[in-house]
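Chain nomenclature is as follows: A, B and C, assigned in order of appearance, with residue numbering initiated at 1 for each chain independently.
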Amino acid sequence: MIRSARLAALVLLASLGLSACSSSGGGDGSAGGTVTVFAAASLKESFTELGERFEEDHPGTEVTFNFNGSDSLAAGIVGGAPADVFAAASSSTMARVTDEKLTAGDPVTFARNRLAVATAPGNPHGIDSLDDLAAPGLKVVLCDGTVPCGAAARKALAAAGVEVRPVSYEQDVKSALTKVRLDEADAAVVYRTDVRAAGDTVDGVDFPEAAQAVNDYPIARLENAPNAPAADAFVAFVTSPEGQKVLGKAGFLAP
Amino acid sequence: MTSTAQDTRRKARRPRAPGRGVPPALLAPALIGLAFLLVPLLALVVRAPWRDLPEQLTSPAVWDALRLSLVCATTATALSLVVGVPLAWLLARTDFPGRSLVRALVTLPLVLPPVVGGVALLLALGRNGIVGRWLDEWFGVTLPFTTAGVVLAETFVALPFLVISVEGTLRAADPRFEEAAATLGASRFTAFRRVTLPLIAPGVAAGAVLAWARALGEFGATITFAGNFPGRTQTMPLAVYLALQNDPAAAIALSLVLLAVSVAVLAGLRDRWTRAV
Amino acid sequence: MTRHPPSQGLDARLVVEHGSFRLDVALSAAPGDVVALLGPNGAGKTTALRALAGLAPLTDGHLRLDGADLARTPPESRPVGVVFQDYLLFPHLTALDNVAFGPRCRGAGRSEARARAAAWLERMGLAEHVGAKPKRLSGGQAQRVALARALATDPRLLLLDEPLAALDARTRLEVRAQLRRHLADFEAVAVLVTHDPLDAMVLADRLVVVERGRVVQEGAPADIARHPRTDYIAQLVGLNLYRGRADGHTVRLDAGPKVSTTEDLSGPAFVAFPPGAVTLYRDRPTGSSARNLWRCEVAGLESHGDQIRVELTGELPLAADLTAVAVAELGLHPGAPVWAAVKATQTHAYPA
């Protein structure tokens, strides 16, 4: 029973990952219209909810999302993809867009995320700290150093002085989490928000060193936004108290 | 085989009959198709960071990934040959209920997004998979996050290419040669080994080349099933993808290496084996 | 001619059904016999051969060879050698390895198999071609390699499917003579399938004529040539053939007219006469001694050796062979009315 539920979740996951590529149609620039938001994969749950609320508050405006790894999104924007808003999972990825002078004004940090260790439900290996990840025989997955969650995990592990020998450096945070949900890995260092979004399929373990590697989430309207007014309104909504409440519920820290 | 190749070459050199040029209705789309395939590759070459290239290529990580790619793709091809040629024979030469369904199932990995293939492999052969749990329990073998896992993921996506290619060759080959062998006392297996297999060798080679190329470029199923760890499961496509995240120049350099190696191998094999078909 | 020792040679009734086609032929032959299955295309000859080889399963009937029941034996376990119509020599093997293939599969070691193959090829006069791949052999050479390959397993039944069909006319003459010698030397049963009456008559001791899946006539070649019992055989051996009812020296044909003959018969009978026995007249002959005279019309003209064959319709459809001079003098052309006469002494009647 559990297995079939997991299978369904995974197939859904895979298909969502695929459809993300095709949902990048640009807005038409008319009043209201469509606002296209490129957002980091870790924002998926909270931004989807924010989008729905925004549409309720702004009848006639439609929000479409392109959720993907921040770096892929940044590469897309630099390459000329038609987007109105960019919300990244790290300042360094946002910097790739600001370096090209593609944002309208300076980006604003709207949320912060900290790391947590995801384990199987009930934490069968009794992981309490980063130290426990170094236990021999334990299968740990980390994000690859080229993506923000990997960079953050490295920083945190360095701060703890722990040397972990992972079995894999995953391409993004969701795949790292998937390995734990499928019980292929015993633990993964992911974001707290991902643990929360995964519900009771994983347990989360907080650790103090996470404070050394908190990710800033910057958001900005893009210089060439096809629908600038709606884009500004969306950015304002995300940073508004209502927006912050949704993000906080998902496990994000206030900026 | 050599004489056939020579024949082909001789034929190719024969002067064309006057007034028998290529019709524009065929030439134009053909050239568009060719350009469509080549321009992106050309762009890779043109935009390659040639100045940094020597530095990129001297990195041991690149060579680790390349070596792993070649080893895994070749092993996956060998594995595909061992199980794929008999499977193709079964589909081409025997009649059993539901054969067309089986053929459709065999080709399914072709249409399945590789990532889904990787998830399916995890559910089957993972530590907790329906087969994998017994492998773990009885033999202590776990496949995810291992080089063997990479080989399996690549075999999963490459095998259909081989089966389809070999089955086509088998269908085109005259089954009466097997009958002739039978009247000489050969069992079906002997007939297959000593008569059919040599006859379809060029088709098998072509299928193997196709499967090898597919395995070499495999990304989705590999990273999903086997993960990504340098020197163990990080093949070239994975290295390229991850480099693309924050260092596109490095990614292009890696892609060029993969391209160059593939072109060298494919050109060499095609000339040697598949020309004689 | 046909001997039936209980335990030696071939004793078969082959029933094979596929779709609406049904083959049902009985075949028997003693060791040393060469039997030809003769028949038009689609008659079921090749199906019969495949059934003997085990390549087509029997729907019914039986198959015994030297007393052993082979009906359910798979082809690789039957002591049967086959020469296929287009030989099916394995293109990737040399002539030697093609011939050694059978002995190898039947358990001989590599060098022993090769030695036996070399001996067979030498016997076939192919000693110089042992190392040649099939595509470098001429048609006649390939045919001999195929024969050597089939014989190298010491079969108790040799099957030849249209053994000369793939050859051009000149090679055919030579290979036919060689094949006749080799078949004469062969001590077990040989069955060959052909649609060429000449091949059948030269190579076989006995003909079995098959039409539409049935045996319509069998016997010694000379006997069949003299007494054809179907239009197909009559045409093959070049006779006009009619069926009727005899009453003394007259046979009333099913087709209508009467034919006078020298034989004295009664009851159902065949009447046959060669096309060369027919004389044609533009006008009704008055002083002719022929009592068999029919009013006909020219349906077609065709060269036939150094003669011209005239196909006639009318009172009695028949074929007549004339010289070119005669055709010119009579001014024959399709549609021309003619009188056809045959002397009674030139006809041949026999019981049906």
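FYI, contacts are C-beta pairs under 8 Å (C-beta built on N, C-alpha and C of every residue); 3 or more make two chains touch, one makes a residue touch a chain.
Chain by chain, the UniProt names read as follows: B = Molybdenum transport system permease.
Predicted model only: the values in this text are computed from it and were never measured.
Asker: Could you work out how many touching-chain steps separate chain A from chain C at minimum?
Answerer: 2
Asker: Taking each chain's centre as the average of its Cα atoms, which is closest to the average over all protein Cα atoms shown?
Answerer: Chain B is the most central one.
Asker: Ranked by contacting C-beta pairs, which pair of chains comes out on top?
Answerer: So the chains sharing the most C-beta contacts are A-B.
Asker: What is the distance in Å between the mean C-alpha positions of chain A and chain C?
Answerer: The computed centroid separation for chain A versus chain C comes out at 85 Å.
Asker: Could you work out how far the Cα centre of chain B sits from that of chain C, in whole Å?
Answerer: Each chain's C-alpha centroid was found; their separation is 53 Å.
Asker: Approximately how many whole Å separate the CA-defined centres of chain A and chain B?
Answerer: Once rounded, the distance between the two centres reads 35 Å.
Asker: Which positions in chain C touch two or more other chains at once?
Answerer: none
Asker: Inside the complex, what are the residues of chain B that reach chain C?
Answerer: Against chain C, chain B makes touches at 174, 176-177, 179-187, 190, 194-195, 198-199.
Asker: Along chain B, where are the residues that touch chain A in the complex?
Answerer: Within the complex, chain B touches chain A at residues 113, 115-116, 119, 122-123, 126-128, 144-145, 223-224, 226-230, 233-234, 238, 241-248.
Asker: Show me the residue ranges of chain A that touch chain B in the complex, using the header's touch definition.
Answerer: Residues 3, 7, 10-11, 14, 17-18, 69, 71-72, 75, 92-93, 96, 139, 141, 144, 146-147, 166-171, 175, 179, 182-185 of chain A touch chain B in their complex.
Asker: Inside the complex, what are the residues of chain C that reach chain B?
Answerer: Interface residues on the chain C side: 53-55, 74-78, 80-82, 84, 88, 90-92, 101-102, 105-106, 149-150, 153.
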